[in-house]
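Pasting the structures in now, so scroll down.
In the two complexes below, subunit A is the common chain; its partner is subunit B in one and subunit C in the other.
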Partner chain A sequence: MGNRKIPAKLLKQEVIVFIVVIALLGFFCVASPDFRKYTTILTIMDYSYYIVLMAIGVSFPLITGGVDLSIGTGLVCYSLAGGYLIVHKGWPTGAAMVVSLLFGIIIGLINGILIGVMGLPPFLATLCTCMITRGLGSICSNNFGISWPTTGQPGSWFRSIFKLTIGDTKIPLGFVWVLLLAILMHFVLNHTKIGRYTIAIGSNKEAAILSGINVKFYHIMAYVISGFFAALASIAYSAVFATVLPGTGAGFELEAIGGAIIGGVSATGGAGSIIGTLIGVFVICLLKTGLPFIGLQANWQQIVTGVVLIGSVMVDIIKKRKESRK
Partner chain B sequence: MKKKVLSTILSAAMVATLLVGCGGQAASTTTSEPAPAKTEEAAAPAASTETTEAGGELNFKIVVKSFQSSYWQAAVTGVNQAAEELGVKVECNGPNAESDIADQVNMLTNYINGSPDGIGLAACDQSACLDALQMAKDAGIPVVCFDSGCPDAPEGSVLSTIATDNYGAGATAADNLYAALKDSIASASAPVRIGEVNQESTSESITQRGLGFIDRFTELATADGKKVAVVGNEFYVNGAKDKGDEASADIIIEVAVPAQTTVELCATEASAIMNKSDVLGIFGSNQVAAEGILSANENLGKLGTEAGTTILAAGFDAGTVIKQAIKDGKMFGAVTQSPLAMGKTTVQTLYKIANGETVSDIATDGYWYDNSNMDAADIAPNLYD
Partner chain C sequence: MGEVILQMIDIDKRFPGVHALNKVSFDVKRGEVHALMGENGAGKSTLMKVLTGIYTKDSGSIVFEGKEVEFHGAREAQDAGVVIVHQELNMVGHLTVAQNIFIGREFKKGIRIDDKKMNEEAAKLFEKLNINIDPTATMSDLTVGKQQMCEIAKAISHDAKVIIFDEPTAALTESEIEDLFKIIRDLRKQQMAIVYISHRMDEIKVITDRVTVMRDGCYVGTLVTEESTKDDIINMMVGRIIYEEPKTKSRVPDDAPVVLRVDHLNAGRMVQDVSFELRKGEILGFSGLMGAGRTETARAIFGADPKESGEIFVNGKKTVINSPEDAVKAGIGYLSEDRKRFGIVVQKTIAENTTMADLGNYMKGIFIDKKKEKKVAKEFVDSLSTKTPSVDQLVVNLSGGNQQKVVIAKWLCKNCDILIFDEPTRGIDVGAKNEIYKLMNKLAAEGKSIIMISSEMTEILRMSDRIVVMCEGKKTGELRIEDTTQEKIMNLATRDIN
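Showing the complex of A and B:
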């Protein structure tokens, strides 16, 4: 009842989540004096890029009513493949990055064909590619950790894409790129065929088929976008962290999917916002970076993140229920 | 409608996995089944050494903790060298990550079922392998533990343990870090903080290093009349000889353990500690933890070699990233072990057992290295890439 008085705009998930981000920032700033530093912003930014990129990509399968579980292990796999070419084969960084991106697109394509054409359930199909990429990553790197060129080494220019150092000041340049990409993909989702049909598949696949949409093609495209962004995320990850370890990556996808759902992508498909996803990921990143500052042990950090996720899924379900009552 | 209900349940299940606090692990148990098979294929050409010698009928199996760090690469190289010298057949395998404890037990059990002439084991978890070790004993297969021991192993199952004195190696890091920080600690007017990042609290090697560092640092500081308190991860706080009282302490040792053994989670924990203004030094107890500290420093830029004005970081093991950081003066120094010799000795010991010789435990040392002695003849061979 009281809700009617609040303007509808303020009830949009993006706005609510943005307020949550500000509230979290405020909370951590008050709770920990060490948090109130420029370097903390740098750290949060660093750790957010790869999750944001994965989340932008995975929003598309989520909106079709599916999911992509292969992005986490995929990220590590693409990064190991690219890194191996640089470190052991002497490839220039740029060429290795292209290989990583192609690798991501191919895995996305395989996911898309399995789901869109062969009709496998998305959960199952991407769980399989998740296993496959995990194994492939270990094979690509011959089972050993790979360090992309570190600052100062030749070929380390790609690290400046995400963090520019001018004099003694470090600028989190990566945020500009992820923001631009989020705006671009927000536009793609809402104003292009690919995006509109992605939403159409998620809200009513039968109707989409009957209205003559090439559902197979657009279903595949949703997973290709997801794979491509997982590959972009792999470059961001390699640029921020010293070493990429084979066998890791499982669990990254849950942070990305969690961020997307917090940001208003419907857990059942058919609706979502990429700008919301961007903001939603920052809730996860703030929790991940902030909770250690207030002295919370690692296992508790995961519990808090899980509870926050349940909360945002509940908001989604309650909203749906209200809409159906109207 | 049905579909929506199903997908709601699925996403709820996903959220539930996160809630239980094991998002990663849950995924890894489901994904790991086919993965080890692939790992084996990948590792086999590099790891197993076939021999042509007639006497080379002996067949040993080695289970390492993972292939995550170059430390294990060096150990596997040592294993292969010894296998070639002795003319025996050796196969190496290990789980994807050092936290995949169940996978490792599985591999060990499979090897036991194949009745080899001996097994070399670097256990991820000191208690998870106990049942398997009993099996090996019942099947009459000798086991040699290396890198990490299994102190509670059934009597007679583990014939020899070849490991760095990890407690001593942790203490070596404390010795060197304390010596460098002594003056700053003595002149400090307010309590100071020493950080420690351990990748987990389950394996013997990591926990012993962590505790060795804490206990020696406490001992040295107490001898100089300072009060020390240990805070943070419960395992290490409760394991420390003297956990002290935080309110009245002059030195606070803060211990952090991430939820999973990944560089990025170690980095998050490290930056939370390094952001505090009273930190003088920090210790990372293996390659992953030390690299986590260096990753955190990318933004903070607080590490250096000037006691008092910068944070002095002590690492563990080697690898290109750590070696470069020590050369550049970002990391103060590190303790290295000799994985190559450890791998070699493991195979040699298994060979001795197969030939009926009696063997005993072998402790190998940890060596401190920094910018000044990196190229020394007794240090350089242990600094693998």
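Showing the complex of A and C:
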């Protein structure tokens, strides 16, 4: 009875959030004729890729009961580093991507060691690497904005990974990739050792340690995954936007974390779903793209997003309280 | 004895898998010490938690000073004058005695906290109780006994009318117990109503006026202490349960191979120069007062806490154990006294908990082979007769005894030959207790070797082949079961203190 109940509940959360996404879409379509355009979908998709990727990654630290605040500035840093190699050193795009990804993995590794081995609180450790990556990004780019090759330039092939242009039609191909990655990581979370132990750390770290599990290693891995996906997000970001500016990126992580939590990742760790995270991010992206169509500008978007987040964290807390009352 | 001040009528409370309280009634009068007795898991603490609003009752009523009441949380109960002195003391170690006593209701001078007045008030309280404690002392510097007195002083300062003592002597030395009894007698004289939870028969005879016995969550009966004998009470407590025969002689031959040898182990103040041997098929009991360093010794052996020095030999081979991972590799499994915190992941299924230490053997490539996982979990559910509808059941929904079986399954799954049971039956229903005993005896007969840490004298005497006694971090003695008596153990357990 119990086991069937809980996943059903989680599933329910995913379903509820999915319904919210559909409802929001419907609402905006009805409220604004301008919203009902193919280009809107393209815009939403463009904005979603990097947040989805960050959110998939950050779900792992969140499920361990921690957090990764370094992914936002990290994203910009990895993108600037890769871009610098392409623009100023003439590296091929592919090689630069590899460097970006490695950079992300290294920062993730540092976070993981600080938290899993040295025992720093996740909030503090990743706040520090957040500042460090912001500084590093500015150094890499010498304080100038950097543009990865734009469409038409040599080495711009990577932009078609996310938006394929056939004739006059643009296809948001990136959605296929983020969907596949979400499914893959959903599997990793539920069917592999890394996933199982990530959850175990979040629900009862002491018991995991006393079961003889190498908790340090799996704790580090959660942050490496987060760093790696932040780097993937940096490639998506570079592909979607023309120019990457140093000093930006702070705040991206909040949208990713928000999406994960709306999607059912427990704010206190121990539970979560990557598919839920994917859907949760779309709630945030829809609000971000849709609200201007009904005349609510940037400041309002943030307020609405904040309120939605409070709502979903409350749901999580109430759920937990009910469980512990039993 | 005065009139009845507090009455609990037909209290009923269920938890998932356990009927914790089954129409229990209980009352206490002014100027009376009323003992609440029963084995671990009989429902004593649950009843008191219902009284003080920590748990909500499913049905029944509570009448306090003639009015029906329902407290929502310890705070409300406290304000009304019903106070618990917990077994685990709720003190903030690095605050002073006075700061602890008045925590949450500090005296103020403007916006500043008036420490001087708090110290004075605390001194007055101690005077009233005839206790000699400096209100400005730091709490963590006091002995457990003194800390408990502070807790009592705190209770009194709430204008308590009913004070509940939850196993107050578990961590006290003989002389501290004497001091405590003096205070309790004083309180009785002041017409305080006192509920005294304990399972130490001798204390009950000395200090209480009436005894109410609970068993399996049910009310069994109430006796006037003076008119009843120890045997009356024991019979009421144990009832229909037939326990494993106590051992009169060790079953383990003297030449049985030594599977674990601990040599001059040191780990902080709580583990000083501890040495012992564990033989194949043996149940080695670890006895001592609360805080004697038994759990700390186990945790140090298991690598959960760092060691300062000392050597460990597993099956004759010197083994370095720096982490639980190393210990598990060497075939040692540790079953913590606090299962929910250290043993199981409550929000996961039985299957997931079973393979937790041995997941490596349940993989198909990089993926977990959930079919195989469920199969092995089912095998252990059957062989340990764990009561559950399926292995997909979340562990949180199991009773304490069945949770313990899941932890046992986890270590058997990993093929551990040395099992350290820390308070194996704490929080387990009386009925299920004997099942755990049977299981331990069966495991020992099959050649597993068991270290059993227990604070229950009856458990130590019933289960052990040999007994190690500890006191204040040191091993004070070792007894073979055939020449062990309760008195011998108690003498060794308090040797350093008295």
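Everything below uses one rule, namely that the second predicted complex is superposed on the first by the 315 of 326 C-alpha atoms of A that agree within 3 Å, B and C clash if a C-alpha of one lies under 4 Å from a C-alpha of the other, contacts with A are read in each partner's own complex, and residues count from 1 in each chain.
Rule of thumb we're sticking to: a contact is a pair of C-beta atoms (placed from the backbone, for glycine too) under 8 Å apart; a residue touches a chain by one contact, two chains touch by 3 or more.
Please read all numbers here as calculations on a predicted model, not as lab measurements.
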item: Partner chain in contact with A:R321 - subunit B first, subunit C second, else both or neither; value: neither
item: First (subunit B), second (subunit C), both or neither touched by A:A271; value: second
item: In the superposition, subunit B vs subunit C on subunit A residues touched; value: B
item: Which of subunit B and subunit C A:A200 touches, first, second, both or neither; value: second
item: Contacts of A:Q297 with subunit B and subunit C, given as first, second, both or neither; value: first
item: First, second, both or neither for A:T192, with subunit B first and subunit C second; value: second
item: First (subunit B), second (subunit C), both or neither touched by A:L210; value: second
item: Complex contact set, residues of subunit B against subunit A; value: 3-4, 7-8, 10-12, 14-25, 27-28, 30-35, 37-39, 41-43, 46, 66-70, 72-73, 95-97, 100, 232-234, 256-260, 262-265, 267-269, 271-272, 275-277, 288, 291, 294-296, 298-301, 319-321, 324, 328
item: Of all residues in subunit C, those that touch subunit A in their complex; value: 15-16, 302, 304, 323-325, 327-329, 334, 336, 341-349, 352, 356-357, 359-360, 363, 366-368, 370, 389-390, 392-394, 396-397, 410, 414
item: Subunit A residues within the subunit C interface of the complex; value: 1-4, 6, 187, 191-193, 196-197, 199-200, 203-204, 206-214, 270-271, 323, 326
item: In the complex, subunit A residues that touch subunit B; value: 34-35, 37, 39-40, 42-43, 46-47, 65, 67, 69, 72-73, 123, 127, 130-132, 134-136, 138-139, 142-145, 147, 150-152, 163, 168, 170, 237, 240-243, 245-248, 250-251, 253-255, 257-258, 261, 267-269, 288-289, 292-293, 295, 297-299, 301-303, 305-307, 309-310, 313, 317
